[in-house]
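Scrolling down, you'll hit the structures one after another.
One chain, subunit A, links the two complexes that follow: it is found with subunit B in the first and with subunit C in the second.
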Partner chain A sequence: MCLSPSSQPSVEKIGSSLSKAVFRGGYMDILAFLTDGLLIGFVYGIAAMGLTLIWGVMNVINLSHGSIIALGMFALYFLFVSLGINPYIGVVLVAVLGLLLGMVIYAVAIHRVINAPHLSTLLATFAVNMIIIGLGTTAFSTSPRNVDFSLGSMSIGPVTILGTRAVAAIASVLITAALYYFLYRTTLGKYVRAVTDNRAAAELMGIPSARVLAFSFGLGTMLAAIAGGLIATFFPFTILSGTTYELKSFVIGVLGGVGNPLGALIGGLILGTFEGIIPYFLPTSWVPVLEFILFVVILLVRPTGLLGAKK
Partner chain B sequence: MAILEIKDITSGYGEVQILWGSTMSLQEGKITSLVGANGAGKTTMLRTIMGLVKPKTGTITFEGKDVSQISAHVKAEMGLVLVPEGRQLFSDMSVEENLEMGAAPKRAKPRFDANIKRVFEIFPRLEERRRQKARTLSGGEQQMLAVARGIMSEPKVLMIDELSLGLAPVLVLDLFHTLQKLRGEGLTVLLVEQNVQMALAVSDYTYVLQHGKADLHGPSRDLVNDTHIRSAYLGM
Partner chain C sequence: MNRSRRVMVFLVFALLALAISVSGVAAQAQTVVIGFTASQSGRYNVESTRQINGLNLWLNQVNDAGGITLSDGTVITFSTVFYDDESNTDRVQELYTRLATDDNADFLISPYSSGLTDASSIIAEQYGKIMITTGAASDSTYMKGYSLVFQTYTPASRYLTGALDLLASLDENAQRIAIVHENDKFSTDVSTALNDYALELGYEVVLFEGYDSGATDFAPFINKIQEAAPDAVLGGGHFQDGSTFARQLYEKTVEPGFVALLVAPPEPSFSELGEAALGVVGPSQWEPLAQIDASAAEAAGVDFYGPSSAEFNDAYMEAYGEEPSYHAAGGYIAGLLLQKAIEDAGTIETQAVKEQLDAMNLLTFFGRIQFDVTPEAHGLQIGHSMMYVQWQGMADALEKQIVWPPEAVTADPIYPIGGE
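And now, the complex of A and B:
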């Protein structure tokens, strides 16, 4: 597919309708910005899915979400740099590690406070966050790392797509589909939904709810770690980098609603697109400001999320 | 033979004690009913038997094993199954998925096909609505699904909290007949009922829960003629 500027009327329409704005680039650049934002948005969606899955299943806001994303980045980095493992095989290993780590965190820190008021689970996950960041800073320092890996790029008209971002986007779609398959077609997945729906009833049916909760928490951290691993294939990072993505996950959570992986994916795409457009008009430092204005506005206007009708 | 024995159970919620040393015994292959005024603690008794509320003192023995401190999901695996008050369906899951969750115990899985066939025979309405979400069922249909889900668990002891609630009288009679049929196949039933008259009519043995104890009990057909029961619960 090759789109030259003259054969693409819709581009000119976008351009002319925005012509009064102060552009920081040429007309055609907006498509490039949009594509970049959109592709990263898929990965944001995966990160957000991890956060909203845990919230949906057990009403726990996982404040260690960001640091687990960062751990996913580091795990991928070391698998690649130290062991020479291909990053995409690395992501699979990172997923397994993320799942196991999450189950351990649940057993050690969450289970004992799972029935306590929200403040307790917030503090518990916050403590886990501080522990990971503390240990991570000691072990890895805070100087940025970079997974030196490239899949080249592909040009379509004015748009240049980095191979790593395209693969990350495709992987995100596949992961979302796999998550749906798991939740709706497998017995364990149905147990997760049953425990989400009514934990006491699940227990009465012989479903070991504590183990299902541990597994669900692991699933949430697995998604966070995968997102971290994928992001590491195209952005430099430190142990503190997860915070940004955690905050984005919250914004996406209110955009897409809770308990619905597709909502998270779409929310991620919206946020990614939004991020892609902002630098076109304003300095990049405005991105988080506008994101949080969006966050507050949605909470005020539609606290159930833009897309999700559920609580 | 007693399949389930509850001995001197005390239980409650936090500081509030509800059961003050209740003792009950269920005979295998019989229908036992538990009746009592609103708030007497019938639901608390069932929740304590299942382990959703942990007994403070006393013992619960199921098939000769002390299960007092065992969690609910393990008891369900063993064949002790509760159809809880207020239905407690998986509201965002389909009728079929609810039944599938009922068959979660290992002992129920191999019997899945036979059991689902049976519950669809008992409740043809559920088969018509098998793909519908539980939350969209009518109240009566939800009650059917709650009972059907319990049967799917392949129980040895089936405890039902408020069987008749929200069901048309005809259907209640049908259900009682079904339970009697299941009893004929060896199922033990513990029935908690608001409708004391009905409970006495269909059960073999009845316990009356008052002041946190189940001291008043006897064969149901004898209790029907008990003057205290007649005045306090049957309005005669």
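And now, the complex of A and C:
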């Protein structure tokens, strides 16, 4: 069946594409698109969680989020290639490194401007982003790297699920649950939420807000680094690869609700589903158009996000 | 000292002074400044670095040999002025303006990529500077009425068409092809020309779709390819997306009999994909395997100029410790053509050098070089042709072989992929 027997390849009309969908085979075909979308959605969710956490807790829009995701990819790559460490053990080490890196970034670049106007923190994180990309390009070039690791695949009809993507999806769910447990069941997590709600009141109650903020930033970068590590197990990458996920993380943050881990995961799944399903009906170039229409609609109708952010 | 002796001494000194001044004229040296931008950062960093390596190799060889001597005895050596364009079109326009004005470069070499070259060509033409373009295949740059911009690469309109000729030679029953390409200027130009050629040959184009630059997830396209069940998949864009696309096609067990992708397959590091690289065909502007030397020129009835393929290959390996890719060869050839035109012109005057480039028709290690001189497509490369390579062998010991055109093949093509 012709998807687009086109003599004018650059122009494809929505109407004709929709009519083509009518002629398509059964529901099994769309299932393949949906499955791929959901699997990538889990990864988007975990990538967005770090950004939305920092945004929610500290009111800082972290523009170095993408480059930290890329550093997570490189860290996993070197652990796997140079030290021969299994990628999933490597992700745990990457998480620790991500946490420490985030706390260092907070101390060096964020702490002094945390109470300044938003533009200051925006510029500070942008500067960190440019430094990481500059150093990364010098050290690694923009030559793509590839973690040559496979868990095989499983096919059910037209649906093929890669092992690495399935593991990333499961890891995303576990990390979301762990983050929830941390924020709602541990003392340090309660400190984080207290600082999020009212920093001045938290300080009056004896909570060391500066250290909590540093830890929160570290937690956010840890999640970004984990996302990078998981993505590296199935996509090649360069030091510039984080930008794509950073952009999607903003959309997901607004979609799911700022500062809400479950919101980020659900937002990621919605975005992934969009990316999976839309190409079934329309040329893939329509995906960002419809994604950003959704973004604007959410901002207009429910600016606090689907799960209702705290602010 | 008597009078006659004083006269003799004076004459000797006078002759010596004359000799020194004459030799000074004969050895008059001139340094020609070549300006360009390199993508030292941004997405074209890898290809651009190799291109500049090739250009620097040419420059060092010429200067180490004492430069080139023109017919009037002037010895020309070369120096470069360059900036990092960050793989960014806006930077290119700003920097080429600086090269043409503040730095007063005598000649320009293009940046890497069609998009950046298109932007720099406007500046070269505006400031009356000859620019040799390399790493840039789009045809459209040469359809704008420029007279000083000369292309070294086979243009995009002929970039992947040979892959269809190869497919036709392998399987006359293959009818359905899918074209999935990057949405940038170069890849879109190539794919549009490929689509036209496919329709002309009677193929059914069952899928024609573009993906954004920087795409990493090809699942939606692969699902569409599975549905469309084509005999061949063609397209791609640059290294990263092309290698990712090939890997995901393999992982999702989609195995059309024939896969041909732009840019990525000829790169040596493509073989790191292992079995996913096996059988994938890619067009290449130049390959170290191809033996191009003076004997080939004699057979073709044209002049040969510069080093042979083997000499270039050895020199590059010695200088940089890696096998040259076609991007590196493209950088070298840009300098070599400029050298040839200046030698033939006997001057560095723009008009005289341009006339020599217009008249150029020769064979180099890079292949045949001839420029279109019609006003409609001035500077477009019409002499050079693509080669098509395929990764063959075992997954852990893949070798690149030339499988098209017939006169250059080094091994029989694998077809269908997975069929052996």
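Just so we're on the same page, the second predicted complex is superposed on the first by the 275 of 311 C-alpha atoms of A that agree within 3 Å, B and C clash if a C-alpha of one lies under 4 Å from a C-alpha of the other, contacts with A are read in each partner's own complex, and residues count from 1 in each chain.
In this text, a residue touches a chain if its C-beta (ideal position, glycine included) is under 8 Å from a C-beta of that chain, and two chains touch if they have at least 3 such contacts.
Note that the structure is a prediction, hence the values are computed from the model and not measured.
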For this session: Quick one: classify A:Leu162 as touching subunit B (first), subunit C (second), both or neither.
Result: second
For this session: Report for A:Asn146: first if it touches subunit B alone, second if subunit C alone, otherwise both or neither.
Result: second
For this session: Examine A:Ser209 and indicate which partner it touches, taking first as subunit B and second as subunit C; both and neither are also allowed.
Result: first
Exercise. Which of the two partners, first being subunit B and second being subunit C, lies in contact with A:Asp29: first, second, both, or neither?
Worked result: second
For this session: Mind working out whether A:Leu240 is in touch with subunit B, subunit C, both or neither, as first, second, both or neither?
Result: second
Seminar exercise, completed: Partner touching more residues of subunit A, subunit B vs subunit C, is chain C
Exercise. Thinking of the overlay built on chain A, is A:Asp197 touched by subunit B (first), by subunit C (second), by both, or by neither?
Worked result: first
Seminar exercise, completed: Residues on subunit A touched by both subunit B and subunit C none
Exercise. Quick one: in the complex, what on subunit C touches subunit A?
Worked result: 40-46, 49, 179, 183, 188, 191-192, 195, 199, 204-212, 214, 216-217, 219-221, 223-224, 226-228, 239-240, 243-244, 247, 251-253, 269, 272-274
For this session: Would you tell me which residues of subunit A are touching subunit C in their complex?
Result: 1-7, 9-10, 12, 24-25, 29, 32-33, 36-37, 40, 133-134, 137, 141-144, 146, 148, 150, 153, 155, 158, 160, 162, 235-238, 240-241, 243-244, 275-276, 278-280, 283-285, 287-288
Exercise. What part of subunit B is in contact with subunit A in the complex they form?
Worked result: 50, 52, 71-74, 76-77, 81-82, 84, 88-93, 97, 100-102, 104-105, 108, 149, 153
Seminar exercise, completed: In their shared complex, subunit B is touched by residues of subunit A numbered 190-191, 193-194, 197-198, 200-209
